[in-house]
């Protein structure tokens, strides 16, 4: 029931957004509204801002020409490709991020050495990695498997995905009270026992949002990495290609944007399902 | 492990000092707790009573002197699971049920599933929480949580129980009920207890001896021998003449130990 | 162990923890240089740090100019997005219907690659203006600022609210004495989280078109022209912009949270 209410409210919010779009289009002059040279409100011509119904109806038209698949199917297909790659990069990111968090939990010195560099790593623009990963991938000898372009995309995207996991898991693994830690010291529990019985369960409330954040980062990473490596077939590439139709077919660039929105929602939703079975780890001890 | 088979004292503290930087938390502390004896540590805030308990539990190390628990070092005693411990906060793991919380030390030390279950059932019965076995800690009152913590501390049949103001956060009625329960449990398990408290009546009611401590630097000011009645305590004792005399004796010891006024000691 | 050796040991530990990242960073750079030289890697794969620094100094005027463009975009977007996020949170905290409508929208925005909007924004605001990029940054920034501010506004403890009520405080006084001080640390945390998003979004938005003025555009241009060391020099410029934003907002956050920091 509550979920139904939330979906209803979400739809209402989206509807309001569409109405706002049409309102701006109706009220603001065609060439936008500027203060001096700075355009504050956008151009509202049908080319710059197509009507919302037009964006939607364009989805059902064929991709190009009369014989091709409808646009929505092409978008879904591209979205599926990107989603699969994002899943792989999420997995890589989670494994690497968690390993780093474990290392930083175990050794205080590793924490002070690695954590600043982990933070620093996120300021390196993703695109810098594209030629690097492509080049190294081509050189890797994987036996029968040859390095595919999508693998480069997955590796590059995982570079964004590992960060929230490393930081969130570290915070979670260090979240137990001093009291609980001393209790385990009193039990003469080994480090591994403390990890499994105390730190891991206590980290769940921090870990779940981190995993969701990693999914979002993986999606963004895949979209950007597709653009920077030039891999065709995914949603990122589609966004870039369809942008060229802005003047001839203004509703068309919106299709992959809707696809990207859907992609983000599906990825986050899928990861959200992980939390369903873990309700007991979100309990907190309340001292009355 | 039973008390009879251990000739050594439960706790033997010899010339212990603990300094934190320039602050001396404890200095020149000597104390012996016999097997099966109940000893309370009482004193104003900053007298080092909790520090002393932490030293005995090997949660901290002294800067001078030595401590032995059942004739071995505190570290050996901790690794051998010689003691059970309870704090002011219950410190239950919120994701484990009451039963699973009590089983925690047992499962950490490799007790099998059946053994754990049997012992937890016994303990639940002992603290009167059998019907709450499958509840989670956040579904219990503070007093019940504290009872679970005591059951957890006793789960491994320790010969020594270390308690740091375990009833400090509870209301007076719950507190008196749990005190009576603790007396009963100690009589059944015959464990030695080192009990840190703020409350004079609590210390007197529970203890064989009350160790009165004074601050700056933390040291033992006086040891009051209580040993009320024939050793079997019940609620009638709270109105006994000897009880009030002991309360007065402890209060005077506290005042003598810190003439500059007492902070943090409840006389209720 | 005596007290003196204890403090000395503590001092040594503290220093080793401060130096650890610097040492590790130095080692990584040295290893990078060594690997490139010993394995004789082509610049396409990985240019050496020395070559990157050479290019960085040689092209400093261009790099700093591009960094200023990208940095300005990120800053304008950060400020605008923060204002929108805070205003939205204030409204949502006081109106249940706005909260109910905004909650799913923000939850959706939080998981969507906002940079996808860049191409249509370039059409709407003109492909030669930076406005489109700044809007992408602003939308990306508004989400964490909104979420954290709202959390902060809801953090006001009942005992404080009761106290102000008992004191007969006006709403304005309550806001000044209780609400703002309680929420401020959360707002600033949101801002720090948003700062790295701002720089990433500003750079990434440049990959999707618009004027070729910022760090992102120059990286692609240099890489397309096979000037790999130069591309990495631009990357270094981007790293510096990101670092500047992170350090500035971290300092702001520290300033806003009085007392000793939690671990």
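We just call them A, B and C in the order they show up, numbering each chain from 1.
Going forward, contacts are C-beta pairs under 8 Å (C-beta built on N, C-alpha and C of every residue); 3 or more make two chains touch, one makes a residue touch a chain.
Source: prediction; values computed, not measured.
Undergrad: Report back the single chain whose CA centre is most distant from the CA centre of chain A.
TA: Between chain A and every other chain, the largest centroid distance is to B.
Undergrad: Across all chain pairs, which one has the most C-beta contacts?
TA: After counting contacts between each pair of chains, the winner is A-C.
Undergrad: What's the distance between the Cα centroids of chain A and chain B, rounded to whole Å?
TA: Taking the average C-alpha coordinate of chain A and of chain B, the gap between them is 52 Å.
Undergrad: Centroid of chain A to centroid of chain C, CA atoms only: how many Å?
TA: Centre separation, chain A to chain C: 17 Å.
Undergrad: Quick one: which bits of chain B touch chain A in the complex? Just the residue numbers, please.
TA: Of all residues in chain B, those touching chain A are 57-59, 78-81, 83, 85, 87, 89-95, 104-105, 107-109, 136-138, 140-143, 145, 169.
Undergrad: Can you tell me which positions in chain C touch chain A when the two form their complex?
TA: 16-18, 20-21, 23-25, 28, 44-46, 100-105, 108, 110-113, 115-117, 119-126, 129, 131, 196, 199-200, 203-204, 207-209, 215-216, 219-220, 223, 228, 231-232, 235, 238-239, 241-243, 246, 263
Undergrad: Any idea which chain A residues touch chain C in the complex?
TA: Contact set of chain A toward chain C: 6-7, 9-10, 12-14, 16-17, 32, 38-39, 42-43, 47-49, 108-109, 112-117, 119-120, 122-128, 130-132, 135-136, 139, 174, 212, 215-216, 219-220, 223-224, 227-228, 235, 239-240, 242-243, 246, 250, 253-254, 256-257, 260-261, 263-265, 267-268.
Undergrad: Which positions of chain A touch chain B when the two form their complex?
TA: Result: residues 177, 179-180, 182-189, 193, 197-198, 201, 204, 280-281, 283-288 of chain A touch chain B.
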